[in-house]
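Consider the two complexes below, in which chain A is the common component and chain B and chain C are the respective partners.
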Partner chain A sequence: MSIEVKNLSHIYSKGTVFEHIALEDVSFEVGPHDFIGIIGHTGSGKSTLIQHINRLLVPTSGTIVVNNININEPNVPMKEIVKRVGIVFQYPEYQLFEETVYKDVSFGPKNLGYDEEKVDFLVKQSIEIMGLDYEEIKDKSPFELSGGQKRRVAIAGVIAMKPPILILDEPTSGLDPMGRREMLDMIKNMNKQLGMCIILVTHSMDDVAEYADKIMVFSSGRLMKYGPPAEVFADSKFLADISLDVPQSKAVLERLKEEGYEIDTSAYTTKEAAKEIIRVFGK
Partner chain B sequence: MKNDVVVGQYYPTNSVIHRLDPRTKIMSTLLYIVFLFVAKNIWGYIAALFFLSLAVIVSKVPVGYVLRGLKGVVFIVCMTLVFNLIWTPGEALLTLGPIIITRQGVMASINMAFRLLLLITGTSMMSLCTATIALTDGIEALIKKVPFLGKVSHEISMMMSIALRFIPSLTEELDRIMKAQKSRGADFESKNLVKRIKSYVPLLVPLFVSAFQRANDLAMAMEARCYKGGEGRTRLRILKYQKIDFAAYIIVALAMGCIFATRYIPFKLI
Partner chain C sequence: MNKKIIELRDVSFVYDSENAPGVKALDEVSLDIYEGEFVGIVGKNGSGKSTLAKLLNALILPSSGKVFVGGMDSADPQYTTDIRKVCSMVFQNPDNQMVATIVEEDTAFGPENLGLAPDKIRRRVDESLKAVGMYDFKDKKPHQLSGGQKQRVAIAGVIAMHPQCIVFDESTAMLDPAGRADLINIMHTLNSEGVTVIFITHYMEEIVGASRIIVMGDGKIIGDGTPREIFSNPKWLEENRLSVPEIVALSTALREGGLDIPPGILSEDELVEALCRLK
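Right, the complex of A and B next:
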């Protein structure tokens, strides 16, 4: 297993009036090539959880093992952890600071102490993975790029460190539908072609339905469900109870069933749902 | 990092001190500061410490929380301690090569350290017990009374409330950027001073960029709502002194009297 979390709890500002339980007894395992989607309401503990996976937060109790290393051992250097787990925070474009795109993307690999040749290779590769033209963009200032390009450069800055595990917090927020799809396709490619383990935190049921292999559902600091999308989306009443929706395509099927049509509501991706609708209405 | 900043932070409890008029708290704090400088000897500081502790107990703010504000200034206090210790001329107590530690130096450094610590704890007590909006309302009302500042009192308090309002936002932002850069292997705890200063560039550049962006957005939002300064603006909360405020003024006056009286305590502790 590449990530093993056991009985993780996190309490903010313990012992003051601001005390707040962000995570409560969370346990799960993630495989080395999984594509995991994490969904949950605002304040459900998603962001707190991902910050534990590279020791930005220290658990109040519980253990986190990443690639057989217990990352909460104080003698494990931070560099060894960031080599293994890359985190792309929400609105990552706000972390850009260098004069040129090249310099900004090379910040991570340089911090890891790689030599110039390797840094050069990694920067070029990661800018290209993000679908940008390396020669055209490398000497530009990151501040003169468009919003979508900035975000890609910022993500390139994280994958330039070649982490086998990549965590992305709402990477599509604020993007137009086209940019959204492109971004998710790129992430899917990293998983399928480069074999990276992807953890995608999002609000969008449709995104996780289309892309994730397994889904974690969080509600008020607890891991409520963890399994393949078909299983998680099978119980739409449960999702409604913790104020989450089913994917739109599934909602359409359920609505048709309510109207009395004999339709199978198990599909949750657009493609599968379309097939089912054609099967029923196509004749 | 963000938990170190206590100045400008509010700790809500329902104590008497929290319910006081902000003007009372500001004036009391100003008086307290003045009297910290009036105090001449260790007895004065002990008296001030006593009254401050009393205020902390009444306010129901946890002591640990109040003291956390001191973490950030330990360095400054130590610096003043050392400078006072070394560079005060007088009767020599101890000679270490070229460094002569004098009796007066020891006294001066103890006094300075006490004064600074009491000053900072006192002022952070005020902000812990007063919501920022109330604080700026109070400051505006007080500035209005100053003859040559009265005309711009609204502008001054608006600037202050914006500054105070953005302290938590910017510390949050800083925290976020710090985490993002840490995830990219940035090291902010290097022992090498030059490296350490350099390591702050990846924090400060994005922070400034976002601060300017926020300023721009805020100006736009204020203009969109026809903000044009204080003229003709009415207020939602009108400040009015209550009985507890008069009581508080009397208590403060007595406390200050006590601190003043300590100047005349003849015998020395050290």
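Right, the complex of A and C next:
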């Protein structure tokens, strides 16, 4: 197992009037080559959870084991965790702080102690993976880029460290539609070709349906469901009750069923849904 | 015809700095927006959408050309405050927008600046926080909120000022599906009450209900039409790094698969209806 979370609870500002239970008795396992999607309403605890996986937050109770290391043991150095777990935060553009794009992206690999040549290579490669023109952008200030450009630079900085576990908190928000697709395809590639373990937090049901192998569903700090997309999207009423949704093409299938047609509603991607509708409505 | 609320005449904007001298973000753009319109703005990353938005609020001034908001020339400093009263903005990132240390104080900030009476401020704060579903969080500190919750508070702060025109710059980006649907409903409600809505987004399905869509590309307006017109050309949209709403993609797949689905379908209701007519 790559990640093993057991009975994790997190209470913010415990013992004050602001006390808030953000995670409650959460347990799950993630395999080394999994592509996991995490969905859940605003404030359901998703960001709180992932910050535990690289020790930015410490559990109120429970344990987190990453590649057989209990990361909250006092003798585990932060560097060992950073090497294993890369996190792209919800507003990654706030992680930008250097004067140039090059310096920003090179910060991580430099800190891992790589030599100049390797750093150079990793920086160039990651900037290009993110669909940016290396020569054009490397000397610009990150603060002078558009929203989507900043986001790409911030993600390049994390990818440059090549972590075996990559966690992304809403990486596609702010990207144009084509950029969103490119980003997800790129993440899928890192999963399939480099074998990286991916955890993707998102509010887009269409994106998790299409890309994730398994989905975690959070509500009010609890892990409500954990399974393949077909299973998670099978109960649209349950999802609606916790402020979520089903992919749009699945919603169409369900509407058709309500209208009395004998149609299989299990498809959850546009392609599969189209096939089923054509089967029923074609001659 | 309603009155013009926004007028851009041959507006160019150049960002000039040491590292990147002379980035032309807008290139001789002319545009009229009328009171009561609901305008969706889409365009690839870096195409100039946020730059356009900032011009409407006099946060930046055109390098050349003219911007009029409610008839006032944005380059004339005596109008700056009034322009911001007419046209408010919800930014891409809520953190840039939070000013106070408690949620309800943050929402009250705008109305206080307008010089309203305390009881009126109270009413507006309550009503705005309720509209975005954050009333129960009114005593919280901004850093105690999740990403989506911050976004809602930022929106409440703008609604509380009762502006004539609101520019939403990717304001749905961090919301869950229900929150997104709620906010779009709020926009349509405000619009039906006469507020001009300008909504910048990367999610095509969010603007199928707009009265007009403007497409930006490399600092220019490259498309301007109804949602039906704009979304009827998937290939052109793709060339400009955009897409069609999922329902349009599904309808197209069905048509290509031999079903007799009329063109121009934009919503789930329309598609279900068209299918029901087949059989």
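Following the convention adopted for this analysis, the second predicted complex is superposed on the first by the 282 of 283 C-alpha atoms of A that agree within 3 Å, B and C clash if a C-alpha of one lies under 4 Å from a C-alpha of the other, contacts with A are read in each partner's own complex, and residues count from 1 in each chain.
One rule holds in what follows: contacts are C-beta pairs under 8 Å (C-beta built on N, C-alpha and C of every residue); 3 or more make two chains touch, one makes a residue touch a chain.
In this text the structure is predicted, and so the values were computed from the model without any measurement.
Student: Have a look at where A:L56 lands relative to chain B and chain C in the superposition and call it first, second, both or neither.
Tutor: In the superposed model, A:L56 contacts chain B only, not chain C.
Student: Answer with first, second, both or neither: which of chain B and chain C does A:P92 touch in the superposed model?
Tutor: first
Student: Who does A:D139 touch here: chain B (first), chain C (second), both, or neither?
Tutor: second
Student: Touching A:T16 in the superposition: chain B (first), chain C (second), both, neither?
Tutor: Only chain B; A:T16 stays clear of chain C.
Student: Is A:F121 touching the first partner chain B, the second partner chain C, both, or neither of them?
Tutor: After superposition on chain A, A:F121 lies in contact with neither partner.
Student: On the superposed three-chain arrangement, identify whether chain B or chain C touches more chain A residues.
Tutor: Partner with more touched residues of chain A: C.
Student: After superposition on the shared chain, which partner residues are touched by A:D176: those of chain B (first), chain C (second), both, or neither?
Tutor: second
Student: Could you pull out which residues of chain A sit against chain B in one structure and against chain C in the other?
Tutor: Residues common to the chain A contacts of chain C and of chain B are 13, 94, listed in rising order.
Student: Residue numbers of chain A touching chain C in their complex, please.
Tutor: It is residues 12-13, 18, 20, 40-43, 47, 90-91, 93-94, 100, 139-141, 144-149, 170, 173-181, 203, 205-206, 240, 243-245, 247-249, 251-252, 255-256, 259, 261, 270-271, 273-275, 277-278, 280-282 of chain A that touch chain C.
Student: Write out the stretch or stretches of chain C touching chain A in their complex.
Tutor: Answer in residue numbers: 15, 17, 19-20, 23, 43-46, 50, 92-93, 95, 140-141, 144-149, 152, 170, 173-180, 202, 204-205, 238, 241-243, 246-247, 249-250, 253-254, 257-259, 268, 271-272, 275-276, 278-279.
Student: Under the definition above, what is the set of chain A residues touching chain B in their complex?
Tutor: Per the touch definition, chain A meets chain B at residues 13, 15-17, 51, 54, 56, 78-79, 82-83, 85-87, 89, 92, 94-97, 107-108, 111-112, 143, 157-158, 161.
Student: Looking at the complex, which residues from chain B come into contact with chain A?
Tutor: Going through chain B, the ones touching chain A are 3, 11-13, 62, 65, 173, 176-177, 179-187, 201-202, 205-206, 209-210.
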